[in-house]
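Below is one structure. I have some questions about it.
Labels run A, B, C and D following the written order; every chain starts at residue 1.
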Amino acid sequence: MDWSLLITQLLNGLQLGLLLFLLASGLTLIFGIMDFINLSHGSFYMIGAYFCGTVVAITGSFFIGVVFGLVGIFIVGAAVEWFIARRLYRSDHLDHVLVTFGLILIFDTLVHLLWGAQGMAIPLPDMLNGQIRIGELVLPTYRMLIIGCGLGVAALLYVLVVRTRLGMLIRAGASNRTMVEALGININRLFLVVFALGAAMAGFAGMLIAPITEASIGMGNDIIIVAFVVVIVGGIGSVKGAFYAALILGMMDTLSRSYLDVVLGWFMPVTYAETAAPALSAMLIYILMAAVLAFRPQGLFPPAGAK
Amino acid sequence: MKAWLPQTWSGRIYALLLLSLALAPFVLDWMKQPFYLDLLTRALIFAIAVISLNLILGYGGMVSLGHAAYIGIGAYCVGIPSYYDYYNGWLHLALALGVGGGFALITGAISLRTKGVYFIMITMAFSQMAFFLFVSMEEYGADDGLVIYSRSEFPQWISLDSAFGLYYWIFAVLLLALFFIHRLVHAHFGRVIVGSKFNEERMMALGFNTYRYRLACYVLSAMLCSVAGMLLGNFAGFISPDMMSWARSGELIFMVIIGGVGTLFGPLIGTMVFVLLEEILSAITVYWHLIFGIMLVALVLYGKGGIHGWLSLLDRGGGGRG
Amino acid sequence: MLRKTMVSALIAGAVATSGVAQADSVKIGFVTTLTTPAAVIGEDMKNSVELALEHIGNKMGPLDVELIFEDDGFKPDIGKTKTDKLVKQDDVDFVTGFIWSHVLLASAKSVLDADKFLISANAGPSQIAGKRCHPNFFSSSWQNDQTPMAMGEHLNQTGVKSLYVMAPNYAAGKDMVRGVESTFKGKVLGKDMTKWGADAQLDFSAELAKAKSSGADALFVFYPGKAGGAFIKQYQQAGLQGVMDLYTVFTVDSIALPKLQAGGLSGVLGSKNTQQWSPDILNAANQRFVSEYLARHGKYPSFYGAQSYDAIMLIKSAVEKVNGDLSDKDAVRAALKQADFDSVRGKYSYGNNHMPIQNFYLREVVEDGEGRWTTKIVSTVLTNHQDPYAKDCKM
Amino acid sequence: MAEPLLTVNSLYKHFGGIVATDNVNLAVEQGGIHAVIGPNGAGKTTLIAQLSGQLRPDSGEIEFAGHSIVDYSVARRAREGLARSFQITSVVMPLTLLENVMLAVQGTGGHSFRFWAPVKNDRAMRDAALASLAEVGLDDRAERIAGQVSHGEQRQLEVAMALAMKPRMLLLDEPMAGMGKEETARMIEILGGLRGDKTILLVEHDMDAVFSLADQLSVMVDGHVIATDTVAAIRDNDAVQKAYLGDSHA
């Protein structure tokens, strides 16, 4: 067993899991509190990356890019809530799917019009391009930064949800929406804040990954489906559930990408195992979701008090 | 007024639509537009798939985000035998019905234990599994897809080789599907399905094992969709796992909604509009997705009931039942 | 209302086609990727084609050139539909372009069944070079296996003993891997085929960690277009520079280099790759093409562009030889087969399967006089090389 | 004394810490009208849910017509002849009254895997449905959409659907809920007309209705049945007076 490889892969899994968490936490809150299915949540991920990249190109500073990007994506999220989502909270899930798919098309094309088709590279400061060495382990600095940021946001969100009045309302809303309405809270403002906050977290995830993969059109459309799997597996409306489920899925994906071909190689010719493994590892998360839905439809960690 | 003539404006428009579809090949041939015949053929095939989706989604209230899987299954039931030089169409049809129905029986039995948004997600999960299964099949082209070099053969019965022949056989299947759905929803079985959509608890209290009826409905719908897949494989001559991705399933849902959920002709007209709009808009600009996206948003915010809903507005003035 | 527009669109279309269906023009359809991130490649091809048309004054022999671009959306089924449209609706004489092997494989039948000519300006899948070769198919690029075969030879020459291989999981990726494995004499210690297409995998963290722990001497990759830049960046971030040498095909090119330069990834300077063409090849046609492209777009053209430029010149040579009589298919075919034009890569000839028999060079990444990163030929690895599938072609 | 059609023995059900039915015993005689009364939250609806099969008891036994039905599904119990109506109106709103009742006829009349012949043409089914509608006095509204008739008529439709199932026993969960005076009187008349013909278990808050209809009366408080007797006896029962009637019906 190559332990340094295993540790590296576990950290890679953690990194992927945390990115998924940033996307899924907003998604699960919007889903749980407003009962709104937002397929276009992945567009926030993309737009965040483009905003950040544009500011970096102007100012040359990654940090300033992130700050401005966050403000920008918060505003975009609030605008989507204000003009579109708000009018649909009471309608059918089918309508949500339709409208937010339309939004995906709109956002993708707008990005194409504004920034062109070629994608956008986001250069990093030199110190982030290096590696951290711990004994035999050589770890990319930037990936460690992603892990740090992901854990930091998770901690902040925990404090926000558990310790603040807004958090209390969010928790109450996720488990019982009518109760919050009955309390005479300005529900519209709560929804607006939650939606925009969710958008900002998704945008942040996009900003973090873009220096590695570049910002590109449609970058959020594939990962959003995985984020939905996270939401379902964790339990709709549960931030804690989203956290654990995201880590489980991140680990599962990375570890199966690294070891599944070896495992399959025990049962079938190596050449076939090598080509079948990536597809099978992609299949695993859906198998997990189907199993959860069939045997524990409320998810692994449903919000406390949910029906 | 003769009894068999449609009595309502929407009815007249649908009759006109069917009539134009019946005459279209001749008109297009005269206009020397073989490409538009291809486009119509493709639209008819998708219409069959959309009609099948409407059976569970529109009449039964089961929103599946995985129906494209059956298009793929049906298509591969042509592609894989052809890869081994088995071109017998009856074999392809039997496989499509058997494999599509079997997959639906197994996944439906599990999926139908869930409701609402969970059903949407679990059907999506199963279709993604099917998608990645075909992606992993190296022998049959995996991600790259599979070229089908020759169409299904139905010796002494049917020839699919000419563009005209293929079109009319597909049109015949479409008419059959419409007639079948019409009978089905008005028969005992259909009433149970429709009743379960609106009030499943009540239906159980009336003595219906709704799970069984819904499962049967799901399987029937999947089999019809697999036939559409088989036709698509024949028509396109090229199949790939991409045709079963969740985004394709989403498109099928849109076609149902554009036309009108739970109506007989809604899916047909919805598909026609979707496919033609896609073609016309994409010919105008590469940024056509923007226009299309705005249309989708507007449709939900302002256009309740889809095209069928708008056409029904015409009927209010004219009297008679819609 | 919609029906009305639809009908008028149909009529307009009918009028348009009957109006131009006369024989005073040669119609060429060009299928490439103009949307999705892969559009960077499509843009480069489009720029080169437009330059070629300008150079020939939009004339081929007695005929005017009418060129129609179509976008394949990086998807085989869309590519096929667009190809059908070119063949049936626009009734083109030649269909060319095609970046992606899987798009070409899906679309070829539509062109060939209609007895039109298909000129691949990039994709060279093994199937079409071998069993499914066709008299009306020609390539202005290469067969997929050839470039990695050249790389395999180079690896042998430099004494690399073991290799880790990464490529996207699609037709060309498989050909590339087969190509390098066929000539490389050392040991392949591991292989990863990653998801490709519009939703391609772009985070290679798990694969790079595996490659590193395999302990191979060198890493061979094939990541065309945007993925190339992302890969190189992650290769450096992972600290593999200097630990495990990187050898690439179709990855470090004029599309990736400006981005790598902007990102300050100087480790790529000096890295080696193989190719049948390079901007510094000395012949009049190439010098004119490269310098004018540079002047116009401020960056070097890529090999995709060079091959597209050649595709137009190849068609021109054939149209001129038959003096504009495109109805004589046999004559056009014979003319194409001669490849009698000034290719930017220098003279090449066609084998029985209509794949080029040509040289493959080792290229190095260098900085040019004005500080731009580009590639320079170091040596010739394979001379007049024919692909290994020619023997499977019964033609 | 007539044989009991439905017997409930030691039925026990709890949700977390809350006991919904605690050792409930009940015997409903063939042909009689047996009412269950009690304050809100006494466990009446939970009892109905367990009898109809919607909820599984934690323990206990339910016997219907001589055999145990505790393991049967909702649908199976319905087909065995145990029909129910719902506290909150539960009909298929977009269908007509006739279509609703036809569904009820269809539900207990063999399987419905019949894919071709239109239901409309099924004469026997249509006549049976019309007969049930006539029983509750809705036959003149057969073609109206269920969602568009008055609340009282929807409640009557509920009963018609239950009747159309040709049940041996009716479980009626507050059939008078939300009704006006006239509508209530109409419903009492309808149910009274079924006496002797159908066995009825009636859960109801309206005491006038209960006293005028019921033969037997059970009083539930906090999940227990504290008394079961004839209407007259219950009226005179001090314990019941104190626990229930005295407080809420004074």
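Odds and ends about this structure:
Note that contacts are C-beta pairs under 8 Å (C-beta built on N, C-alpha and C of every residue); 3 or more make two chains touch, one makes a residue touch a chain.
Computed from a predicted model, the values in this text were never measured in an experiment.
Counting C-beta pairs in contact, the pair that comes out ahead of the other among B-C and A-B is A-B.
Among the remaining chains, D is positioned farthest from chain C, on the basis of C-alpha centroids. Between chain B and chain C, the centres computed from C-alpha atoms are 37 Å apart. Averaged C-alpha coordinates put the centre of chain A at 50 Å from the centre of chain D. Rounded to a whole number, the gap between the C-alpha centres of chain A and chain B is 33 angstrom.
Centres computed as Cα averages put chain B at a distance of 43 Å from chain D. Within chain D, not a single residue touches two or more of the remaining chains. Among the residues of chain C, those touching two or more other chains are numbered 34-35, 169, 195. The multi-chain contact residues of chain A, meaning those touching 2 or more other chains, are 112, 221, 275, 278, 282.
Chain-to-chain contact here is organised irregularly, matching neither a line nor a ring nor a star, and falling short of all pairs touching.
Across the complex, chain A meets chain C through its residues 2, 4-5, 8-9, 12, 15-16, 112, 117-119, 121, 123-124, 126, 129-131, 138, 140-143, 209, 212-214, 216-218, 221-222, 254, 257-258, 274-275, 278, 282.
Residues 63, 65, 110-111, 113-114, 116-118, 120-122, 124-126, 128-129, 132-133, 135-136, 138, 142, 246-247, 250, 253-254, 257, 261, 287, 289-290, 292-297, 299-301 of chain B are the ones touching chain A in the complex.
By the touch criterion stated above, chain C contacts chain A in their complex at residues 34-37, 39-40, 43, 169, 191-195, 198-199, 202-203, 205-207, 209-210, 212-213, 226, 229-230, 233-234, 236-239, 259, 262-265. Those residues of chain A that touch chain B in the shared complex are 37, 84, 87-88, 91, 93-95, 97-99, 101-106, 108-110, 112-113, 221, 225, 228-229, 232, 236, 272, 275-276, 278-280, 282-283, 286-287, 289-290, 293-294, 297. Taken together, the chain B residues at the contact with chain C in this complex read 28, 31-36, 38, 142-145, 147, 149, 236-238, 240, 242-243, 273, 276-277, 280, 286.
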